[in-house]
Every structure is written in C-alpha cells, then in structure tokens.
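Each remark here refers to the structure printed beneath this line.
Chain lettering (A, B, C and D) follows the sequence in which the chains are written, and residue indices restart at 1 in each chain.
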Amino acid sequence: MARVVVDVMLKPEILDPQGKAVEGALGRLGLQGVSSVRQGKTFTLELDGDLDEALLAQVHELAGSLLSNPVIEDYVIRETSA
Amino acid sequence: MARVVVDVMLKPEILDPQGKAVEGALGRLGLQGVSSVRQGKTFTLELDGDLDEALLAQVHELAGSLLSNPVIEDYVIRETSA
Amino acid sequence: MRIGVVTFPGSLDDQDAARAVRIAGGEAVTLWHGDADLHGVDAVVLPGGFSYGDYLRCGAIARFAPVMGPLVDAANGGLPVLGICNGFQVLCESHLLPGALVRNDHLHFICRDQKLRIESTSTAWTSSYEVGQEIVVPLKNGEGGYVADEATLDLLEAEGRVVARYLDLNPNGSRRDIAGISNARGNVVGLMPHPEHAVEALTGPTTDGLGFFTSILKGLVEAS
Amino acid sequence: MSRHADTVADAIAHPEREQPYAELGLKPNEYADIREILGRRPTSGELAMYSVMWSEHCSYKSSKVHLKQFGDKKPETDTLLVGIGENAGVVDIGQGWAVTFKVESHNHPSYVEPYQGAATGIGGIVRDIISMGARPIAVMDPLRFGAADHPDTHRVLPGVVAGIGGYGNCLGLPNIGGEVVFDDCYQGNPLVNALCVGKLRHEDIHLASARGVGNLVVLYGAKTGGDGIGGASILASETFEDGGPAKRPAVQVGDPFMEKLLIECTLEVLHAGLVEGIQDLGAAGISCATSELASNGEGGMRVDLDKVPLRDHTLTPEEILMSESQERMAAVVTPDNLEAFLAICAKWDVDCAVIGEVTDTGRLVIEWHGEVIVDVPPRTVAHDGPVYERPYARPSWQDSLQAADPSSLARPASAEEIRETVLRLVGSPNLASKTWVTAQYDRYVLGNTVLAQPEDAGVIRVDEESGLGVALSTDCNGRFAKLDPYNGAKLALAEAYRNVAATGAVPLAVTNCLNFGSPEDPDVMWQFSQAVTGLADGCLELGIPVTGGNVSFYNQTGEVAIHPTPVVGVLGVIQDVAARTTMAFRTAGDAVLVLGE
C-alpha cells in the first residue's frame, strides 16, 4: 500500500505569524543559529492500492485546489512507502 | 546553509478531526482509493551554519517539548538542503 | 424582497443574518448547503461561523458545496452577494473576490467592538452609508488578516473596491487595514466584521450595521 | 491478532482467576461487593464497567451523604420542573419556557493537555444540556490558575483559554462570563470549570431512560476510539497473550464541528418526536450510557458491542466499554421511528448505529462476537454504588489560620505608600482587566447577548418577542472558603446572587462545582462538609434550590490540597431584558447610594 504526502507551505512573500512566534520561542529557549522558521501543513493520504499516474494526476489537481490555496500557498507532493 | 524540517503528527490513536474533514471533502470531489487522511504540521528551520550534533540534539529536545506535545503528538526530524 | 441566507454545516451566524434582514424589512429565505438552486432569491448572504469546522482552511471545503455552483454563476451574472467573516473567506476561496484571509498576526481569536470607515458606497451593500462614515460593529475572527499581492492591492484601491477599513487599531494584520472589499461590479462584497451583530441597540454595540441590509433592500426595490 | 474475550461462561468456569481490581481503582471491599452482587467473579468487561462507574467521579461515593442536604433543605419552590439527579436541572422561567444549566469541572485533563482538556470540558457540559432536550444558548468558564508569573502557568493558561474559545466559538455559543483567579495553591491543580445554559419549551423536556420493551438503542455521533482509557489497558493486557495491547492515550481530543452537528441533529430528532430516552456519553462512555438508560427505564437492555462504529479496530471490548471518545450520544428509539431517525442523522452527516434493544429481563446483557461478556443488574452499576461516610475533623490549623487576622498587617502611612499600594492592587493579576482573556471568546453569536464581559453577570434573551431572559453569574473566593468553608460557601452564593439581582433579574436556582482536595484527608472532608452545609443553608435562607452540580476531588499535589473552591452559579429570570441594569454609572448628577452595612 502506498502513501502520498502533500506538503503545503505559505508562499515566501506571505507573512507567517505562526512561524515567527515559534522562531521567537525557540530563541527564548536558548536555540542559537536558526535564522528563520516557517510553519506548514502536511496531508498524509493512505492509499488502498498503488499510486498510478491517473491517481497522481488527480492528487495534483486537488492539492492545487482543495488542499492549498494558490493565492497564498505552494505545495509539494512526496511519495513514501507506508 | 542547512535546513531542518520537524514534522509533527497526531499519534495514530488520537482523533484527527481535520484529517477526517479533508478525507470527506476529497471523497466528495471524486477522489477514489484513499483509505485515510491525517493532517500534520511542519516546522522548517533555516540554519545560519551547518547542522552539527549539538544543534541536532537541541532541536530534538525542543521538537519533543515546544514543537509537539508528547501526550498526543509524535515528531520526526528531517534534514534537507536549502 | 427575498434575501437568501446559506447554512453550511458549521455556520453559526445564519440566524443573526436572517434577523438582520428581517429588521431591515426584508424576507429572509433559508438556503441549505446541499440545495441545487437558489430558490429565486433576490440576493444572498453567506454568514459567519466555522463551516466544516474551519478545518483545512477557512471556507476551503464550503466552496465545494452544491449550492455554491449556482451561487457563483449567479454572482458572476450580477446577483448581490454579501459574505461576512467565514462568508468572506468562502468568497475568496471561490475566487469571486481576490486575495485570501490568513491567521491573525497575533495568533489569537479576537472579539471586539471595531471602528471602521466606509470607503465605498457604490456597492450593492453600502449605498445607504456616506463615504468616510465611521461605524462601530463587532469583529470576531481567528483568521481575518486580508492578504493579496501588491498589484492586486493597488488595483483594489485604484478601482475603489476597498469597501471598509479598520480605524484606530488593525485587529488582525490585514494589509492596508482592509476590512472589506468588493468585486469590480460591486454586487459581491466580503467583510470581516459582523454588521449583523449591530442591528439592535439591546444586543449590539450600535445599530451601525443595519445599513448593509437597508442598502440592499433599497437597491432591490428601486431596481424592481 | 486473535483473542478471546473474558465471557460470563469463563467467569463461571474459572472463578478464582486473579483480577487487577486495585489497578483499576477498586478497593478490596468494593471488589468483594461486586462478586457478591453477581454471585461469581466479574468478567473483565464487567470489572471495567464497575470500576469506572464506581469511581469517585461517576458515583459520588464520598460526597453523596453530604450532597443529600441540597434535597433535605430544599426551599419551597414551584419553579423546578426537573430536580437533582438528572443530567441537569430544569427551571421554569414562565411563558412556557424553561432553562437548564449546569457547571462541570475538567481540571485534571486541562493540566495534562491544556487546549484539549479545556475544549472537551466545554464539549461535555454542552452535551449534558442537549440531552435534556434544550438548545444551548451560552457558556461561562470559571478558571483558577497558579501564580501568574510561574512558567507552568504560561504553559497551562494560554492553552486553556484557547481551548475554551476554540471549542465554544466553533459551536456558536456566546461566552457571557466566568472568572480568572491566580493563586499559588492551584499551581499543580488548575481549575477549569465550564457552565452551559440551554433553553427549551416545557413540553420538550427529555429524560435519560430506556422504556418500551423492543425499543432500539441507537448510538450516534463520533466513532469510538481509544481515548481516555488508560485504565482499560490493564484489563486488556490480561487477555493478550503476547506483549500486551497498544498504549492508549489518557487524553481526549475534541471535534467541535462534530459537536455542532450533534447539537443540530439531536434537537431535530427530539423535536420530530423520534426519541423515547436520551443520554450523552461522557465519562465512562458506553458503560455509563447503557447502564444509566437501563437503570432509569424498564431495567433491561441487550447490547451487541460489535455494532459500535469504531475508529480503531484494535480496541478490546473492555476498551470499547470504557472509551471516553467525545461527541457521542445514545438514544432509545421505537422501531417505527428508526428510519426517520436515520434520515435526520444522514442529513447532518452524523454516524449512527443500532447497538441494542430494551428488554424486560432486568439485566444489562452485553455481547461480543456472539458471546455474553456482561450480564449485570444495571442499577448496581449506575445507581447503587458504594457510599462512604469518610471521617472528617476540623483541621488542627484552622484556629491559628483564623487568628491571623489582617489587623496585624502594616498599614500604608504616607501618601507615597498609599499610592504604591493602590498601584500594586490595580496591577495585580487578580484585579486587573480580564479583557486579554475574554477578547478571545465570541460573546455576540446568536444575537441574544444583552450583558456579558465586563458586567458582573451575563444576561441572555430567551424570547425575542417578549424580551424574557435569564441572568447568570458564577463566583467563589477560595481564600474566604479556606478561612471558613461554611461561610465561604455562603459568601460565594451571596455574591453570585447579588450579581444576578443587580442586573434586575430575580434569582431562581443554583448550580455548583465543588473543587476540593482528597476526600481521604479528614481536613479536606471537613472543608467539604462545611461548604456543602453552608451552601444548603444559604439556599434555604434565600429560598432558591440547588438544581445540580458537580464534585471534583483529589485536586492536590502530594499532601497539599487546593483552597476549598466551591464555585457557585446562580440563575435568575428577567421579564424584559430591555429593563436590565448595567454596571456603569449612566448619567452625570445621579445620586450614588450604598446599600447594606
């Protein structure tokens, strides 16, 4: 059985207040050497069968419409084994 | 410059209402063959320099306390190149 | 005049929007997210709330509800539509309005009595206000920061499509203090604050919100 | 993984098997009682049910003997339509309207996982209200934390506030008041109490009982998962041959969206007249719902546990019985009405399954894979649990505590010292504005909020035509209660009563959430008995009944208990909300009067 992971990140030019807050907190807790933090979302889809081309195309379609909002977000699709 | 990604997921046995909602929406939009969807968070840390052992240990420490709540969440650390 | 109010699973302010329509003198018509048509209404309000729990992104799942098909077509054909808060998010997700609404910059849900300046009175929903009029209505959201790229923001300003702006305090980090915008034609308006909670002196901070509902009713009567 | 559940036949065939009752929190005498009731050893499923239902939390075994006073000293009143003992009391407010309200604690879960603990606290109390047939119309949240500048408070408080807001806002219930109190004594034991009020027409009152032999038991709402069943793993490990079961989480995660659907779905099936009895699933989940429904009804029920919709298919039957998965309800439905019931669930996209039926056997029988794993008299699980007369005695330190009165404290002498004192008071977290908390709560939704923060009491319009409304306030000063628990409880009542009266409403009824340390400590038990007596006496003097409440014991770290904190909620009725009085001075030149001593 295959697993597909869709990573969704805010576009670089969009302010990420959550990432900023985490960045501040990490610094206060003594973590040095981190220049920036961005927070994103992942969707892990467990498939019944294998990932074929048709399914992948459909996942791409939905990643770019439902799972991310192209006005503010980018997405990447990763395939991992379950 | 290195980049560290911390993936945070709800533990498998914990209810994931968001994942469930996405699963429902994907189904209504005609995606077949997906047995379940889980939603997680990612934190992408851009480093000033390289990732050494000491820093990695510190990231582990904070991933298990600040970035995730071990009562309900698991985390994984991935290293990627920027 | 019949104003439809759409209820999605998780809509919360649908009763309030219907009440505001009635107080303004209109007839409120209940529309269900699963409806295949708009029951011949003269205008539609997409109310506030947490449609589908606000899971994924606010408004992202509601956008695909059956009723949204005919609604998008009708809006493109000139049907007046007002999206309040979650409704505004649905309108952006549906691409009836440009831009998007993101997490508040301070990361908290915020509920406050918010001062606004009405910037445009040439929309279907703001004609009974004066340009520059200052009003106070409740604001309550966790993801109310309006964002769009610079070119879009410039275009909105140039075309007079910024409908209302936050005054005194920007409560969520919205670009250029934008509280509401319209489409080019002015029939579709999205608004983060809640005018439907400011229609009765007893329960609202003011009755300043009533103007959105009287505007549309007056406009419809004049047009008919 | 094949495993064999412990059946009634096994219990009879292997009577002497060792059982982990102590790990499940049962005392040797309690275990002996169970064996006596059943005439054999319990199965692991039965042990699971008795252990959760006989816990302090579910059985009120240490508090019952004291709480009786609320009934014994109940003032003459004709406003109570449903009294103590049901999910929540129901109060007549006139014009055919009634309201139901209750406050509950979710203290410990909120310490472990602040966001989810507080969120599911709201979820639980809201389900209590809908199970009475009422539409929830507002929530309140009396909160107590440790020192404001303590790092752990920085972990707990933001999560709790975000959780209450996250769940309540998403349900569309206005938050009309509460408390935020800081005191070192709550450092390891923050108090998260949640109140919900709902409205209903008199004819819409519903009770939790399973009547009508042949009627169906329907479970609806979220699927059952492995939430909040840390304890059951002990049982499961008994029956697993190798290794033991998966570790189960002790916390529950809430889904407010599901709860919103559950509210709408429940009110629709109730109004359509499709329900004979109804019960929410809270602590003790299916164990509680089935035994209480059966115990309140004809006394018999047969349940097929295989029919329970599961989120996690590795759950053992004991775990299914104990699971505290949120957002679930159980209803008793006649076979004729089932189709209509299912249709309404489908409309709201709510999962639903028939899991059993009402019988006339007087027994609660639960089957798993075709074998009987539970066969008990339901009353012995739900209502006839153990009752303790815990020893109590006035603490040895009480006199010296009371002797240390403020007259020994230094008084500010100079203008400079007075100025400093005033500034310190104004800046102290307990007196400073709470807007930073309340601004995270929606107080406008539903459009009927007439008074909310920063007023002393919240006021909600119940009837838009007539203006009929209710006022609510919750109060308690734990320091007063520590100094004198009897009068401290009376003071809490008096404060809430005054706050309600000051809006122009007539106080009608009382709910409470009694937060204390360990009942096994005679000092704490004394505080408890004093506070209950004080509250009961105060209610009798003021002429308003206690309609329900909640007891939270074991709020202590090691030997040190929190201050006794009997939070009191008072509800009043106001004929026309337009006539309410606010806190603010309205008009320059008005006379200012002080009433009382």
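Going forward, a residue touches a chain if its C-beta (ideal position, glycine included) is under 8 Å from a C-beta of that chain, and two chains touch if they have at least 3 such contacts.
Keep in mind that this is a model prediction, so the values were computed, not measured.
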- Query: Shared touching chains for chain A and chain D?
  - Reply: B, C
- Between chain B and chain D, what is the gap in Å from one C-alpha centre to the other? 34
- Item | Intercentroid distance (Cα basis), chain B paired with chain A, Å | 9
- Note on the structure: Rounded to the nearest Å, the gap separating the Cα centres of chain A and chain C is 30
- Touching two or more other chains in chain C are residues 52-53, 55-56, 60-61, 64
- Residues of chain B that touch at least two other chains are 17, 21-22, 25, 29, 39
- Query: Can you list the chain D residues in contact with two or more other chains?
  - Reply: 255, 257-258, 349
- All pairs of touching chains, each written as two labels joined by a dash: A-B, A-C, B-C, B-D, C-D
- Message: Show me the residue ranges of chain A that touch chain C in the complex, using the header's touch definition.
- Response: 10, 13-15, 17-18, 21, 66-67, 69, 71-72
- Touching chain B in the complex, chain A uses residues 1, 7, 9, 19, 22, 25-26, 29-31, 33-49, 55, 58-59, 62, 66-67
- Item | Footprint of chain B on chain C - complex, ascending | 52-53, 55-56, 60-61, 64
- Message: For the complex, give me every residue of chain C touching chain A.
- Response: 56-57, 60-61, 64, 92-93, 98-100, 102-107, 145, 147-149, 173
- Task: Name, in rising order, each residue of chain D that touches chain B in their complex.
- Result: 112-113, 116, 222, 225-227, 246, 248-255, 257-258, 311-312, 325-326, 349
